[in-house]
Amino acid sequence: MPNVLVHSNYGKSQVRLVKLVKHAERHEVRDLAVSVQLEGDYEAAHVAGDNAGVLPTDTMKNTVYVLAKLHDLDEPEDFARRLALHFLKTTAPASAARVEVVEHLWQRLPVAGWPHPTTFARDGAEKRTAMVRALRGGDTVVESGWRDLLVLKTAQSAFSGFQRDRYTTLRETEDRLFATTITAGWRYGAAVESGYASVRARMRQSLLEAFAEHDSRSVQHTLYAMCEAALERTPEVDEVRLSLPNKHHILADLSPFGFQNDNEIFVPTDEPFGLIEATVRRG
Amino acid sequence: MPNVLVHSNYGKSQVRLVKLVKHAERHEVRDLAVSVQLEGDYEAAHVAGDNAGVLPTDTMKNTVYVLAKLHDLDEPEDFARRLALHFLKTTAPASAARVEVVEHLWQRLPVAGWPHPTTFARDGAEKRTAMVRALRGGDTVVESGWRDLLVLKTAQSAFSGFQRDRYTTLRETEDRLFATTITAGWRYGAAVESGYASVRARMRQSLLEAFAEHDSRSVQHTLYAMCEAALERTPEVDEVRLSLPNKHHILADLSPFGFQNDNEIFVPTDEPFGLIEATVRRG
Amino acid sequence: MPNVLVHSNYGKSQVRLVKLVKHAERHEVRDLAVSVQLEGDYEAAHVAGDNAGVLPTDTMKNTVYVLAKLHDLDEPEDFARRLALHFLKTTAPASAARVEVVEHLWQRLPVAGWPHPTTFARDGAEKRTAMVRALRGGDTVVESGWRDLLVLKTAQSAFSGFQRDRYTTLRETEDRLFATTITAGWRYGAAVESGYASVRARMRQSLLEAFAEHDSRSVQHTLYAMCEAALERTPEVDEVRLSLPNKHHILADLSPFGFQNDNEIFVPTDEPFGLIEATVRRG
Amino acid sequence: MPNVLVHSNYGKSQVRLVKLVKHAERHEVRDLAVSVQLEGDYEAAHVAGDNAGVLPTDTMKNTVYVLAKLHDLDEPEDFARRLALHFLKTTAPASAARVEVVEHLWQRLPVAGWPHPTTFARDGAEKRTAMVRALRGGDTVVESGWRDLLVLKTAQSAFSGFQRDRYTTLRETEDRLFATTITAGWRYGAAVESGYASVRARMRQSLLEAFAEHDSRSVQHTLYAMCEAALERTPEVDEVRLSLPNKHHILADLSPFGFQNDNEIFVPTDEPFGLIEATVRRG
């Protein structure tokens, strides 16, 4: 019995581009990294080496540049959808196209107190993300997101009353540092009439404010509170997903030197790290 | 209507350990990074901040060290399974446990032509991987893998006859460099009586030999040939999955200087890159 | 003739710590990575394996934590000096101590428009640096710096009239993108009565404003203008050093598709990169 | 008084290239990353924006490709020297040219037990390095090196009898793991008639054998023994420099669970790390 090609996908990853938009008085900058993946009927390519249905990934790269020239990049979701639908149209074997966009943000440099018209600084590690998966003759899923923002809570964070077994040595605490790098993704329940950027702004603000104000019993507890706050402020959104690595800050042991360490000196560590993830859907 | 916790998982990632096994005449070294994730009934933790069912991820870390002390680490699959079953047993709310192990390989340093008994060198970027996902009262899936080996084919690699559209500029070629970093994963169809290491050795050899000897029409074509070769040599395996980034090597343009570049000087690039993935199941 | 130990240095690198300062109404966070290196008479340790004069690097780590507990960390230069002098005092063989501090910056999260008292976000990749090198019975050099801020100029940047040889293909341009990741360091000519933070603020502002406003003929040209502006605004500083990698943005070639690319779509690249460095001293 | 341009250097970094050498029966692969830096009279460029003496870094990149086409790349030292002398010849303002080459190594894949003629695997993280600094009308310094090989000694490694102060908590040990990533560099005292590759092979072997066989009292002690062994086996070399980060492996604390940890389970850590460096010159 011959073997079966159960699944395949292919495309181009990390197509980076910067678009400069020139107004009379000022410039704007868009900075994206785009990844494209196609799925579909690619058995001939795999089994027989027949490339007739294979659009080169180099062409995908060119297409990203051309469509970035022809259209505005104001909302990464729109650009991702445009690309996904383009590839379904031009590539017969593809039954699904998935496009991911990561947007790096630039802010104007202040000069003499005013934002400069043509000079920018990359605003930290925080990135916007968008993902569109389009099916031929079917649904298109849009997911927006946001990642790589490192945040820290120095109060209102406890972890106690947890399960203990024979290998448990962790002490209960009513007062610990809680640091995490937020990765968020959300899906829409209805047409987004206000624009994706409006949803994104409310989503960001509600997640961060909930993180700041929550009386946290655990990472899970705060994660859920963040999702609830976000769903309340973004009626356009149906489902929120958070991934919160616990960037542990361990108390330095100063007792050998005769000092107490009353939550004052911490050692931040990268490994190992807790990882807490959940998806919450609007009820 | 209240919101719904659709999915949650939590655990500890990147628990690194080195186990030293001392024989009379020589030492052995095992070098692992372990990640644990539990799923199950964690609604009380998320919604109410009730940690009674939450085993700390710190305990997971301790458990990894203790079980590494108590048991041999000869096969990462066995260690991953042992850990997964342990957490299902000790943690009532967990309905599924997923454990991933990445093994770094050390080779003995040669001294005066002989392998040294107690001195080692890390053998490149290549790593072994194992993943076990165990369901309470249900199936246990074992997946083995291997990743981060960068390989290069300088002959028998073509890409021509592909689909062209208005944005296609790529030239057809019967002779190109083909470089990729192999990530492979496989699932077992039957009990592995020969031991995982035996399968792993045949899998590695058959994938690499197929890569070397294939008359490649495309990355897809070679990927499939590699899977076919692997399935033929590893009857224990039911399904192979490969992820092959195309590490493009672009011909340097020497024409402005009056030189031809007959596949001689290449510029290796990291971004953007093609990404070709497929899963092949035994027929 | 015996071999000669020409030079040696040793120490601990990347001692990370977070200090939490609790005021009644709000918390403050300091986030440092400290590296210590000692030089001196360590011949016995190297040649004979005599460790009597070797303070363990583990002790250096402990010392960093204790001194961070005992003293404020308001100015990284002061903390670096304190550490350097401490090690000279406690470690007889050391003739020089070099301490480097990298400070990560955290900003308060805004909640309902107000900075939150106990919640913070890591403010981008930008970092403060300080280096102190203290000689036993001799001078102490203090160097401040700043690194990892990626900036971009979309106007007033040219590169033309350059030297051409047989391998030159670059086109002259009066209008190009100029992106760089600024690494700056400066040395002081006199006692810093205003405090290091005051100098640092003026240094940062003058470098960035000069970058924004300069009519650039080259990276070298702008680098020098930045240094001149900085020296003018910081009389405490004697010498400024800048390292400016040229983060090339290459015009995407859209001509095969019938489009002009009038400085609109760029491909940012990481490799290869130009690297321009210079040191300017007050005249 | 005008400010003074104390120092400047500029050039192109990370020019990557792969050269394919085709023999009748087999191919060979050379994989280099080249960095070029020029120093000299560049005051007009900095102060006045006059680019007449500035060879574009883009031209340096082209030059690397052309010279790689015209000459063999058998010894990275020779290629670095050729490039350095080229830039001094073609660029009048340059008084010094510094060229660094990092060589990635590829090994033939074994197929059916034989090295394959046209298929290769990247052989680990280990890299060869070469640096040439040429002065106009003056000396040329050649330095060879080697980096990124992670090695581990599980026996014959102690650290005891060290200096203690009030912040010392480290326990003395006669038996610890000693892991380090070797970075080595060496300078030549005479013409290298045997070829750089011959020196390099003896240097590598003597450093590694000394690491394996040394009865280590400290990192410093072993570092020096490695240098002595290397100088003995490579009469062409005048000076060796080693940089040995101490990749700490910390004993996991299993005592809370009733287990001893007799140098069996270690936790490898990346931060903080000891760093031990020295230069030894032939007596």
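So that you can tell them apart, the chains are marked A, B, C and D in the order they are listed, and the count of residues begins at 1 in each.
By definition in this document, contacts are C-beta pairs under 8 Å (C-beta built on N, C-alpha and C of every residue); 3 or more make two chains touch, one makes a residue touch a chain.
Just so we're clear, the structure is a prediction, and the values are computed from it rather than from any experiment.
Chemist: Tell me which chains count as touching both chain A and chain B.
Modeler: Where chain A and chain B share a partner, that partner set is C, D.
Chemist: Report which of A-C and B-C is connected by more C-beta pairs in contact.
Modeler: Higher C-beta contact count between the two pairs: A-C.
Chemist: From the centre of chain D, which other chain's Cα mean sits the farthest off?
Modeler: Looking at centroid distances, A is the chain farthest away.
Chemist: Same or different interface residues for chain C and chain D, judged by whether over half of the residue numbers are used by both?
Modeler: The interface of chain C with chain D is built from mostly shared positions.
Chemist: So what's the Cα centroid distance for chain A and chain C, whole Å?
Modeler: Distance between chain centres, rounded to whole Å: 29 Å.
Chemist: Centroid of chain C to centroid of chain D, CA atoms only: how many Å?
Modeler: Their C-alpha centroids are separated by 24 Å.
Chemist: Please compute the C-alpha centroid of chain B, do the same for chain C, then give the distance between them in whole Å.
Modeler: Each chain's C-alpha centroid was found; their separation is 38 Å.
Chemist: Please output the residue numbers of chain C that touch at least 2 other chains, ranges allowed.
Modeler: 16, 62, 66, 167, 169, 256-257, 269, 271
Chemist: Would you identify the shape of the chain contact graph, picking one of line, ring, star, complete or other?
Modeler: complete
Chemist: Flag every residue of chain A that touches chain B in the complex, lowest number first.
Modeler: Checking each residue of chain A against chain B gives 1-16, 35, 37, 42, 45-59, 61-63, 66, 90-91, 159-165, 167-170, 216-221, 223-224, 227-228, 231, 239, 245-246, 270-283.
Chemist: Taking the touch rule as given, give the residues of chain D at its contact with chain A in the complex, in rising order.
Modeler: 166-167, 169, 256-257, 269-271
Chemist: Touching residues of chain B toward chain D in the complex: what are they?
Modeler: 16-22, 27, 29, 31, 62, 65-66, 68-69, 106, 109, 111-112, 116-125, 149-156, 177, 208-209, 211-213, 249, 252, 254, 256-257, 259, 261, 263-268
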